[in-house]
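Okay, got some structures for you below.
You will see two complexes here that share chain A, one where it goes with chain B and one where it goes with chain C.
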Partner chain A sequence: MPVSGTCPGGDSVGQTRGRIFFFLPALILLAAFVVYPVINTVWLSFQTPEGEFSFLKNYAEILSEPELVDLRGFKRGFPYGALIHNIMWIVIHLPLTVMLGLILAVILRDVKGGAVIKSIIFLGMVTPMVVGGIILRFLFDGSVGILPSFLNLFGITRRTLTAHPDTALFALILGSLWLWTPFSMVLYSAGLETIPEYVYEAAVIDGASPLRIFFLITVPLLRPVTGVVITMTFLWVLKIFDIVYVATMGGPGGASNVLALQMYMYAFRQFNANAAAVVATFLMIVALIVSIPTFRALRGDEA
Partner chain B sequence: MRRKILIVFLVALVAICSLPGVAAEKKLTVISGWSGPEMDAFMPVLEAFEKETGIDVDYQIYRAEDLAVLLPAQFDAKTAPADVIFMWAWFIAKHAEDGHVLDMTGYLNEADFIPGALDPVKSGDKLYGGVYTGKVKPGFWYRKSFFEKHGLEAPKTWTEFTALCSKIQRISGIKAAIASGNGVGWPLSDITEHFIASYAGPDITHALIDKKISWQDPVVASVFKDKLVPLLKAGYFSEPIEWTMAADLWWGGEYGLFFMGSWITGMVEDPDDLGVFSLPDCKGIVFAPDYAFAPAYTKYPEEAKRLLAFLSTKGQEIQVTAGGHISTYAKVPLSVYPAVDREVAALLEGVVALPDLDDTIGGEWQPAFWDQLKLLWVSPGRVDEVLETLQRKAE
Partner chain C sequence: MRMAGQKTSRTIMLHLVAWLLALIWLVPFLGVFMASIRPLSEISRGWWKFATFTPTFKNYVGAWNHPAAPISRGMMNSLKVAIPGTIFPVLAASVAAYGFARFSFRGRDFLFIVIVALMTLPQQMIAVPLFRIINKLGAVDSYVGLMVVHSAWGIPWILYFMRNYFSALPVEVEEAAKVDGASDWRIFLQIVMPMALPAVASSSVLQFMWVWSDFFLALILIYSPTKLLATQRVPLLRGVYHVDWGILAAGSIIVMTVPIIVFVLMQRYYIRGMVGWVSK
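For the complex of A and B:
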């Protein structure tokens, strides 16, 4: 039983009040600007534009639209629909971000001038996404772009990669890798600093090859960092909007459309807040499904 | 003592702020998407209004795409970022229905404007906006010096047009006969609209705007399949290139023709070297005016209406002198236009002036139209799919 004037945690009543006093403003702001909009968005997704409750009807309608899932794509090629495009982003972007970030961090750790090279690579990360999108447009342009010129060296005909349905999405994913990989590289670099040097020294004395050291020491000890990189990259890819909007506007013919852009189209072109709320709620649920277990696993690691 | 000084100071401050001419100083804000040289050409119009009325005007730049995101939320909160806003006509008409736009009825005399110019911002007998100058999308621009050097002539028949494309295509150093400008897709929509107006006719253009005819109708489909697609398949059109870059490449001699609106006259080094022709058999030319409105939430409704009326009338006369603009106000004399704009205006003679198809329809359909045309340009074989999508989006 708590002593009089002491809270169950052992703190004094004054301390608890103080904590509540400082916690309250943040709680009010969170409630007003996060909790209320989230609840309202979910509620909107269950309503018709006339305000009638329709439960899952909106979801059934929106998720069956070809803009979201277009199965004809499997016969004819792009577009496959925004949902499948987002899945393709995840399948391609996520492993490449993890691998490239890790490899760059390991390689540049002991290289002379590695810090300078890392800073240069990090420029992609600090570039505003809208500017990044515009740069991508020129980077992949058939006349002046670096990549088509490079491919031309191998006999591949120059063409604007973002203008063709079969290459637009892949070009954007490649561009996004340039902008996002620095994030994973920096996290892995910080993670590498936490691995004690004596662990490597012991491995070398035991005769372990560099590859075995990498796979049996570096990779396992960086597992918590990998968890963060995977979660953050997943969320980044799920909400990808700006570079798609600026570079291709989801085109050509919807070939690079993504869920966030489709949500924008519903909200600000159709002025259909309910349809936009369906996509927003769907994105939120997927984000929660992925991030909650990851953070739980990370907490378990820390414990 | 200090407290007394503070009280006296605050009372004096309130008194000064209450004086007429300090608190009541009115300043209007105008928003449009014009920046750079376009903004420079617009500023004298606002300065003329300030001089005439003594009301200060502040100018801010917002793209229409950004306003489409910003304004609905602001209107819901019963506020607005400016007193006069240039915006798409369909957007003005839509929000006028919901009571977010000031009624301009009685401030402008319809008879003073070219027929139909105010229609897109009218609802019944009520007028909800002002019309500014317009830009003509007359057809294919070329450099006179380029045509002279290679012995080329503007075509008078469809056969001559395709022969011209073929001839340009064979000139050494030419990448394609026609440079295809791309923004978010709109330059391609201008080309397509010109083909529809020329080979399906103005009535079909109006029917498509009013959704009275299907995009898969044989008449419409034939324009795509018999005229546009063969040119695309022959490679006469370049793949879509960012439009300002396309203009530079065309001017630099990498392409022979460039489809663009009349504002191109203000973008090139030597406007006297510009020539333009419409597609043979052209029956209608897009004449796209800019529209503006005063939001219902302006602090100064009377002054905002006055500014809107000024822009729609006297302002147009000042604007057209800068070039690239054609007045919708009938009282602007032809003598104030630069020579190249008089040539553009001459193309309008004998053909029907048409509204911009995608700007008039607007909504979700507009970006879908742009996007589908980008697909058509690189995959002309998918024309049926493009038409099917356009029809589905129109329904």
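For the complex of A and C:
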């Protein structure tokens, strides 16, 4: 056993130095293709297209563009602007995903064939979102889609829901719910398994009704899972791009536009890198703020 | 007696609701599947109507050999990106994750938190400078460029996932090996990695699915018609004068099969990878 040149920890100096090679490949890739671009984007967001440093003036200008916030929408209807659409998306989608995922997880635990149903629902999770967009476009199509035909039974005129300003965004939100709820269902199912059986048995002996058990035992014990579901769902909706690009391209007339798509339009269709950087940086800041509680929780776990 | 009857009716209700939900969830998939195996004339009447039903394989052939955007080519291209785009980041991130789990150095925890924070980034945040860098490297419109970007993009969460796994492994075996004079690399490769294979499988499955399903990065980095990936080709299957739903549906299903096969084969690891977010 080599004794010479040993560090206090018991490792030889040469060995400790060699440890840097454990980190290098990952850190170099991250630095070059993630961290540098992020810093560069922040820098671009402070500059005018002419290359002048304008700091936050860009933000004030871009974020009040009608593409992002269109106050006239509140008088006339869609579009309200990408930012408002994102907010609407989150406000509608988030509580429904949490509730549906939880209810599905609880119901399917007690149902015969629950595993099969879970697998069916889970299909949405392994579907590439581009395909998801195509499926939604087909589902909502006025002439070949099943949903408009179904609604027609109730006297609602058949039309392509994704092609009309007043329904396009809602159709996409509904579709995103269909694609994303499996995620919260799976997390809740895993969370349910961690609740020990005797907790329920005790409650049943005490004569608690199923509803009381659900609200007073299941829901509180699943709170950590709910936290993760809310954060991940928020991030997913915030970044939503593929299904909008494929199903509506943000249309008609911007009625289903979202921030991630608007950023792409600025950057790669209008070649306005600075406006794109403003939208991207805005997305990043919101994403970071939303994730702070989860990070706290993760750190708490380590201690 | 009344209690028992109540309980039975409750169970029946529960099953009804469950299967109804399953049906609702299945309908959009069922529709695409039906559209993919029926001629356009039948789709136009409604895929849920079966007055005439002539199953055909034509749409699949049409999508596979599509004149503008053959899916066959897209599948090959996607594999060329997704396979190395899975192997590289899993290797690089696993090695670094082991370092974060076992070696102590100044600033380690801070560095780790920065890397974890990178997980929340929207891809839009790197898009413009990334395009410029890759362009400078002459790797725009090449799979190497896209693969490297996917590798870098996947590292934070794989690293996070693997580090948690390594941290949970018992350290005694490694210490014993160290006393016997084994180097860090030997310990990592011969003792730790074999124990970590389930975690490697989980992160590989998730990474592969994400690279396969990715659209945005491909959209900004790959543009030659012959080089387009599978996900980029699906939207191009729409006809020119009318939407050719049969071919579009068939192409969608072909592209979906790969993640579905991976999921079915590796279900255990996939779920474990996802649930890794809640359980330490």
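Couple of notes before you dig in:
Throughout what follows, the second predicted complex is superposed on the first by the 272 of 303 C-alpha atoms of A that agree within 3 Å, B and C clash if a C-alpha of one lies under 4 Å from a C-alpha of the other, contacts with A are read in each partner's own complex, and residues count from 1 in each chain.
We take it that a contact is a pair of C-beta atoms (placed from the backbone, for glycine too) under 8 Å apart; a residue touches a chain by one contact, two chains touch by 3 or more.
Fair warning: this is a prediction, and the values are worked out from it, not measured in the lab.
With both complexes brought onto chain A, simultaneous placement of chain B and chain C is prevented by a clash. In the superposition on chain A, A:Ala260 contacts chain C only, with no contact to chain B. Once the two complexes are overlaid on the shared chain, A:Leu96 sits clear of chain B and of chain C alike.
In the superposed pair of complexes, A:Ala105 makes contact with neither chain B nor chain C. Using the contact criterion defined above for the overlaid structures, shared-chain residue A:Leu139 touches chain C, although it does not reach chain B.
Once the two complexes are laid over each other on the shared chain, residue contacts for A:Phe268 go to chain B and to chain C alike. Shared-chain residue A:Gly251: touches chain B; no touch with chain C.
After overlaying the two complexes on the shared chain, residue contacts for A:His164 are found with chain B alone; chain C is out of touch.
Set against each other, chain B and chain C differ in how many residues of chain A they touch, and the higher count belongs to C. Remark: of the candidate stretches 4-12, 166-174, 220-228 or 256-264 in chain C, the one overlapping chain B after superposition on chain A is 220-228. When the two complexes are superposed on chain A, the residues of chain A that touch both chain B and chain C are 138, 141, 143-144, 264, 268. Residues of chain A that touch chain C in their complex: 1-2, 9-11, 15, 18-19, 22-23, 25-27, 29-30, 32-38, 40-41, 44, 104, 107-108, 110-114, 116-117, 120-131, 133-136, 138-139, 141, 143-146, 149, 178, 183, 186-187, 190-191, 194, 210, 224-225, 228, 232, 235, 238-239, 241-242, 245-246, 260, 263-264, 267-268, 273, 276-277, 279-281, 283-284, 287-288, 290-291, 295, 298-299, 301.
Contact residues of chain A toward chain B in the complex are 76, 137-138, 141-144, 159-160, 163-165, 249-255, 264-266, 268-271. Across the complex, chain A is touched by residues 10, 14-15, 17-19, 21-22, 25-29, 31-32, 35, 43-44, 46-48, 89, 91-93, 95-96, 98-99, 103-105, 113, 115-118, 120-131, 133, 148-149, 151-153, 155-156, 159, 178-181, 183-185, 188, 209, 212-213, 215-216, 219-220, 231-232, 234-235, 243, 245, 248-249, 252, 255-256, 259-260, 262-263, 270-271, 274-275, 277-280 of chain C.
Against chain A, in their complex, chain B makes its touches with residues 68-69, 72, 94, 175, 182, 184-185, 239-242, 245, 249, 363-364, 366-367, 370-372, 374-379, 382, 385-386, 389.
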